[in-house]
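One chain, subunit A, links the two complexes that follow: it is found with subunit B in the first and with subunit C in the second.
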Partner chain A sequence: MNTDVVGRPLSRVESRLKVTGAAEYTADVRVPRLLHGFMAMSTIARGRITRIDTRAAEAAGGVVAVYTHETMPRLKQPTYRPFFKPFIPIQSPEIHHAGQPVAFVVAQTLEQAQRAAELVEVEYEETGRPLGELAMGVPFLAPSGPDGPNTFERGDVAEGMARADVRVEAEFTIPMHHHNPIEPHATTAVWKGSKVTVYETTQALGNTQHVVSEALDVPLDDVRVISRYLGGGFGSKGPVWAHTVLACAAARAVGRPVKLVLSRAHMFTSNGHRAETHQRIGIGATRDGRITALDHVSTQQVTRGDVALFNSSEPIRMLYDIPHLSNVQRTVRLDLPTQSFIRSPEACSSHAQEAALDELAHALKLDPVELRKRNWSSRNMADGEEWGSNYLRECYDRAAAKFGWSRRDPRPGSMRDGGELVGWGMATSAHTAGGRPGSGARMTFDVRGRARIQVGTHDLGTGTYTIMTQIAGEVLGIPVEDVLFELGDSAFPLSYASGASTTAPGVGTAVNRVCSAARKAVIEMAVSQPGSPLRGVPAERVDTGDGHLFDTADRRTRVSYRSVIGHGGKPLHFEVEPVDTPLGYSTGAVFVEVRVDPLLGRIRVTRVVGCYDPGTVLNRKTARSQVLGGIIWGIGFTLFEHTLVDPATARIVNPNLSGYLIPVNADVPDIQVQFIDRPDPASDALGARGFGETPMTGVTAAIANAVFHATGKRVRDLPLTQDKLL
Partner chain B sequence: MPEHSRRNVLKSGGAAAAAVMAPLPDGPRPVTAPHQVRQAAQPKAVTDLTLEVNGERHRLEGVEARVTLLDALRERAGLTGAKKGCDRGECGACTVLADGRRIKACLTLAVMQDGRSITTVEGLARGERLHPVQEAFIRRDAFQCGICTPGQIMSAVACIEEGHTGSEDEIREWMSGNLCRCSCYPNIVDAVADAAKAVR
Partner chain C sequence: MRDFSYVRPDAAAEAVRLVARSADATFVAGGTDLLNLMKDGAEDHALVVDISRLPLAGIEESGGRLRIGAMARMADVALHPVVPKRLPLLSQALLASASPQVRTMATIGGNLLQRTRCWYFRGTGFACNKREPGSGCAALEGRSRWHAVLGGGDHCIAVHPSDLAVALRALDATVHTLGPDGARTVSLADFYREPGDTPHIDNALRHGELITAVEVPLPPAGTHQRYLKLRDRATFEFAVVSVAAVLRTRGRIVEEARLAFGGIATQPWRSAEAEAALRGKPLTERNIAAAGRVLVRDAQPREDNEFKVELVQRALQDVLGRYTGGSR
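Right, the complex of A and B next:
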């Protein structure tokens, strides 16, 4: 095998297309006879439409059709699970949340469609006061969902608490968050007879294919979904949302291709969000810092029609070696859109646990790193299974050394620089990865020795194109220039959705398997082909590299892939079926410095050091970029991000990027990233685990812990805005 | 050239439309049969205009006054390099150069740019040779999904031209009008600093 392809900081293989504007994203796809769609949204949160008047809209210039619940073709509510919304809008007069589509306009131009949508007149009857905030509802325990049970017990919490010398208890609130990829959700539906091609912004081609098939009653094979470049997703484009189905239905009804691009405001009510969450956590420990018990209750929002919970509790259940533990996930029904997963769903429970551990360390007068090390576990504490590998303790040491943690004075408020208070905090990063269905793959080896691999997977900016090219080059032993990796088409063997850190392990395994099969077949050909220099050499003695096959006993005896396959005279085809990927756990340690202006309460993150254990690092460049992204998301989560809901109307009041603040360049400090980079033996993707979700976890609590260290104040309600420090 | 702003053009367009719209005929309940309905709200302000984009003349005919430069480029001139992230001046994905200055193409109307010279990301490379900013973005991995990248790159070209690359902090400040949700900011700063050196 080549040993220098995987891990190399290869620039993204699609780079040139992305810096020249040539990469074709969904909204860029040009289709003849295209019409534009736009939706009108409900202005109330709870009630029904009593009258809807489309005459003005229909009379507006360029309008082709205006569909309302009275005129929209009937659609079937999909049972396919990644359709999370419990209803399809524009099918009945019922209104379940503000910002629900009530009319779908199709016009010749975008401007005409937008204008006509404003002209749709709707009258409503409200059916009671809408509930928009967690505190307004009554918590209850929902039955187990597809992601497992909502309760989890280990040992006996009361007994564990009784054994503790020190106990801390704290409550945390985290507001609603939105994904806000810079690329809006977009669908272009093109029907040819009874078949449809859907250009879609999706992290899950298969989900879109199934849902469109079911909702529009089209055979699965007649739905083709294409998504070659995706402008970010962060979870929002993983499930299938109603607007996709509506765009397909409208295109079928008008008999012409329709493009629908959501507005930024639409994206606050159409594609899920991180639900507002309240958490109560109690931890007990002995004097020497052994945790005896942990008691955790989270409460998060669902709608009146569903109970799907995505702020999940894995860090509580899995991470630390805690003998007595209780975890309950409660829900409150509100008149808001359906919640969903968003980058690092485990970040909420991680935040509460890691911030509470800091409180415990302070109460114990124990170094927070030492506290975590004393409760480290090599096993998945939820099921007792050993992880393939776990180098978390080394992450603590390496990141702490790089950060200079040993120079920290633990007393709050003790570190100053000029007029500013300086605080240092740390936390554990940890997120599950994989543990989902895997991926298929197919490959053609052409007579010139070039490999073309096709997988129905996705590149959200995560580097899929690049790392899969590297895996193929590595396994086959050919230069990456001779690998063409294609994705983004449901006509290819499908992968599972790209989310939950599953693409690297799932697709990586499939690419490894298909390339291994191809390599083996070509070796067999080389040792049996008449005239081959390797003829008669035992196959197991043959290795590959640099586009060649060679005898390991005498490396000068070699032949190129091109010559072996060329000799055979025809391209070779290979295909593998999906196999499930094992559940992995990618961990790390993150250290943060903040500076706080004591007069204004202004917090700046000024330094971050993280060290991570993702198994094998497939590409140091793209992996580092994913860490930067996660850390910066953590800064946004902790300091700025907040979707505000008006409690009187259950309407979102800041559905835009000037009211919903995400980090900008000037908010971002010096960030240093290290990797352990040792293969996980449990992974078939050359030792790589899924990793994308990990770096956002931990950093949120590390910031809050650093703010406590700087100021002596515990702010347990996010975001940590200036007013809360004054 | 008359002084148009997006605000006053949209206002007058809106008012005209509303005036035509007001006396709606009392008809039967809404049905979707547009061809039977009187065309009432056709905005009047339609114009032909010429944009010089990336050195090429683009004659755009029958463009409504309310069409932004961004939508004119994307939907009419077939140049989809500039991206739409928000359509209200918040994200910078639509940044282009107009007579050499960086502007947000969603915040200006196409008619307001009639006759101006526009540069989009498609116009930076010289044949096969990438612009130093493009090269630096690749080398430094200054993008992930790439959707903000056309805007970041155009902004970076202008930022260097404006002389706002004296320090990392200065670059951070002057590149803060371009959001990147993938959060490639540190790499963008490195790329801009690199390119500033190469351009000098």
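Right, the complex of A and C next:
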């Protein structure tokens, strides 16, 4: 095998297409006779439509059709789970949240559709004051969802607390957040007879295919979904949302292709969000820093009619060696759009746990790194199984050394630089990875020795094209230039959704398996082909590299793939079926420096050092970029991100990137990234685990912990804006 | 947004005539705010008159005054040789505004006329007296982190968002205009309007009246000038609190302190009382604090923006504190 292909900081193989504009994103799709859709949205959150007048809209220039709940073709509510919304809009007069579609306009141009949507006149009857962001008061315990039970017990918390010498208890609140990928959600539906091709911004081709099939009553095989490039998704494009189904229905009804591109404002009510979360956490420990008990209760919003929770508790249940533990995920029903998962669903409970551990370390007068090491576990604490590998303790040591942690004076407010307070904080990063259904793959080895591999998976911009190309090059022993990896088409063998940090292990395993099968077959050909230099060499003695097969006993005895396959005279085809990937845990340690203006409370993150254990690093550049993205988001999450809901109307008041602040370059400090880079023996993807979401966890608490270290103030209510330090 | 007509005349008088004769018409310069307002439905115009061809971009110094053409771009003014040297406050305020891309497009006249960032104003469907007179004000009971604690009332608490206007208020600038009835000059002190019961009227301009220039008296050498902008991220964001200070001292005694504030009020805010509290007194931490207390005496904060009352006093302390020489 080659040893230098995997891990190389190869630039994205599709980067030239992207920077030259040649990559066709979903909103760029052009097909003949294309019409444009746009949705009018409800301005009330709870009630019903009493009258809807489309005459002005229909009379506006370029308008082809205006569909309301009275005229939209009937659609079937999908039972397929990744359709999270408990209803399809524009099917009944009922209004469940503000920003719910009430009319779907089809016009010749986008601008004409937008204008006509403004002209749809809607009268409502409101049924009581809607409950929004601030009404978190009446929680209940929802039944177990598809992601498991909402309660988890280990040992006896009361007993564990009784054994503790020191206890801390704290409450944390994290506001509503939105994904805000730079690329808007878009759907282009093209019907040919009873078959439909859906160009879609999706992290899950199969989800779209199933939901469209079910909602529009079309056989599954008659729905083809294409999604070749994505400008981010962060979970928002994993489920299927109502606008996709509506665009397909409108296209079928008008008898022409329809493209729907959501506006930024639509993206605040149409495709999920991180539900506001309140958490109460209590931790008890012995004086030497052994945690005896942890008690955690979270409360998060769901929509009326839905019970699925997405701010999940894995870090509480899995991470630390805590003998007595109780975890409860409670729910409160609000008149808001359907919530969903958002990178990373484990970030909220991670934040509470890692911030509370800092409080515990302070109470114990114990170094926060040491506290975490004393409670480290080599096992998944939720089920007791040993992880394939876990080098978290080395991550602490390496990141701490790089950061200079040993020079930290632990007393809050003790470190200054000029007039500024300096704070150093740290936390554990940890996120589940894999543990989901795997992926199929197919491959054609052409007579020139070039491999073409097809998987119905996705590239969120994270580097799927590139790392799969590297895995194929590595396994086959051919230059990456001779690998063509294709994705984004439901006609290919499907992968699981590209979410939950599953693509690298799931698809990587499939690519490894299909390439291994191909390599083995070509070796068999080479050792049996008449005239082959390797004829008669035992197959197990043959290795591959640089596009060649060679005898390991005499490396000069070699033959090229091209020669072997060319001799056979026809391309070779291989296909593998999906296998489940094991659950992994990708961890790390993150250290943060902040500077705080003592008079004004102004906070700047000035330095971040992280060391991570993702198993084998498939590509040092794309893996590093995942870390940068996670840390930068962590800065926004902690310091300013906040979707605001108007208390009177339950309408989102800042549905745009002017009001919803994300970090700009000036907010991003020096970030130093290290990797352990040792294979996880449990992974069939050359030792790689999923990793995308790990860097987003921990860093939020590390920032808050650093602010405490700088100021002596614990701010447990995010975002941590400067007024909270006054 | 509805379809609109667009014209680009070559002469100011023609531009004024075109807008003045149609109630549905407006001027556009850089367009960085107007287009968003129109797309968001907060403004609606049938005719847009582009003034970018008009010869109004000059920047000239004469007789101790700097005259800045209304079409001068923010970036050009901030970096003009005279400005960082003689009007550092102006330069600082401009460079603290928006992003480099926006500053390269946006003009001085347009900046002064940008509309409030109040999300109840920009989000159609909410009650807003500024957007739709008489419809009410959803902000009063709404989320008010970015709203005013001074100068508001029962009809509107929207903040004027311009950093430039705050700096120009402290610099005692005047605005030159050309309207259907000819040219006139308006002091910036008289330019912006408190909302009262007509919050839809932002300023003293009449329909069809065009800003042609802004004139700024150059403060004498030795005058301290400083702009401090506090916001929720490092850059490309509007102020939650800002302070513009023009300070003249003799020894430790304050001869003149011109103080203007942004983020806290419905218009760029001057407080004669706060300035008087410093005049003739030694510049000490204690006297600055006293001026700050006078500034916020009539503040009407809400739950979400109560912090501004404290923060603006600290911001004033930060801005003036560096000139006290450590005197408490």
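We adopt the following convention: the second predicted complex is superposed on the first by the 722 of 726 C-alpha atoms of A that agree within 3 Å, B and C clash if a C-alpha of one lies under 4 Å from a C-alpha of the other, contacts with A are read in each partner's own complex, and residues count from 1 in each chain.
The rule we apply is simple: contacts are C-beta pairs under 8 Å (C-beta built on N, C-alpha and C of every residue); 3 or more make two chains touch, one makes a residue touch a chain.
Remember, it's a predicted structure, so these values are computed and weren't measured experimentally.
Engineer: After superposition on the shared chain, which partner residues are touched by A:170: those of subunit B (first), subunit C (second), both, or neither?
Structural biologist: Once the two structures are laid over each other on A, A:170 reaches no partner at all.
Engineer: Between subunit B (first) and subunit C (second), which does A:12 come into contact with in this model arrangement: first, second, both, or neither?
Structural biologist: In the superposition, A:12 contacts subunit B only.
Engineer: In the overlay, answer first, second, both or neither for which of subunit B and subunit C A:43 touches.
Structural biologist: Second partner only, subunit C.
Engineer: On the A-aligned overlay, A:115 touches which partner chain: subunit B = first, subunit C = second, or both, or neither?
Structural biologist: After superposition on chain A, A:115 lies in contact with both partners, subunit B and subunit C.
Engineer: First (subunit B), second (subunit C), both or neither: which does A:66 touch?
Structural biologist: A:66: touches subunit B, not subunit C.
Engineer: Given the touch rule stated above, what does A:658 touch, subunit B (first), subunit C (second), both, or neither?
Structural biologist: After superposition on chain A, A:658 lies in contact with both partners, subunit B and subunit C.
Engineer: Just checking: does A:363 make contact with subunit B only, subunit C only, both, or neither of them? Give me first, second, both or neither.
Structural biologist: It touches nothing on subunit B or subunit C.
Engineer: Applying the document's definition of touching, compare subunit B and subunit C: which contacts more of subunit A?
Structural biologist: Touching more residues of subunit A than the other partner does is B.
Engineer: Classify the contacts of A:447 with the two partner chains as first (subunit B alone), second (subunit C alone), both, or neither.
Structural biologist: So A:447 meets neither subunit B nor subunit C here.
Engineer: Can A:53 be said to touch subunit B (first), subunit C (second), both, or neither?
Structural biologist: Only subunit B; A:53 stays clear of subunit C.
Engineer: Just to be sure I follow: which residues of subunit A are touched by subunit B in one complex and then by subunit C in the other one?
Structural biologist: After superposing on chain A, subunit A residues 61, 111, 115, 658, 663-664, 666 contact both subunit B and subunit C.
Engineer: What does subunit C use to touch subunit A in their complex?
Structural biologist: Where subunit C meets subunit A, its residues are 1-3, 41, 99, 117, 119-120, 123, 125-126, 138, 141-143, 145, 230, 232-237, 240, 307-308, 310-311, 314-315, 317-318, 321.
Engineer: Which part of subunit A faces subunit C closely enough to touch in the complex?
Structural biologist: It is residues 43, 61, 111, 114-115, 118, 597, 599-602, 604, 639-640, 644-649, 651, 653-655, 658-659, 661, 663-664, 666-667, 719, 721-723, 726 of subunit A that touch subunit C.
Engineer: Under the stated contact criterion, what part of subunit B meets subunit A in this complex?
Structural biologist: Listed in rising order, the residues are 17, 21, 24-25, 27, 30-34, 37-43, 64, 66-67, 71, 74-75, 78-88, 90-91, 93, 120-122, 124-125, 130, 134, 137-139, 141, 143-150, 153, 171-173, 175-189.
Engineer: Give the list of subunit A residues in touch with subunit B in this complex.
Structural biologist: 11-12, 14-16, 18-25, 27-28, 30, 52-56, 58-61, 63-68, 70-71, 109-111, 115, 119, 179-184, 229-232, 234, 261, 263-264, 460-463, 621-622, 624-626, 628-629, 631-633, 656-658, 662-666, 668, 670-671
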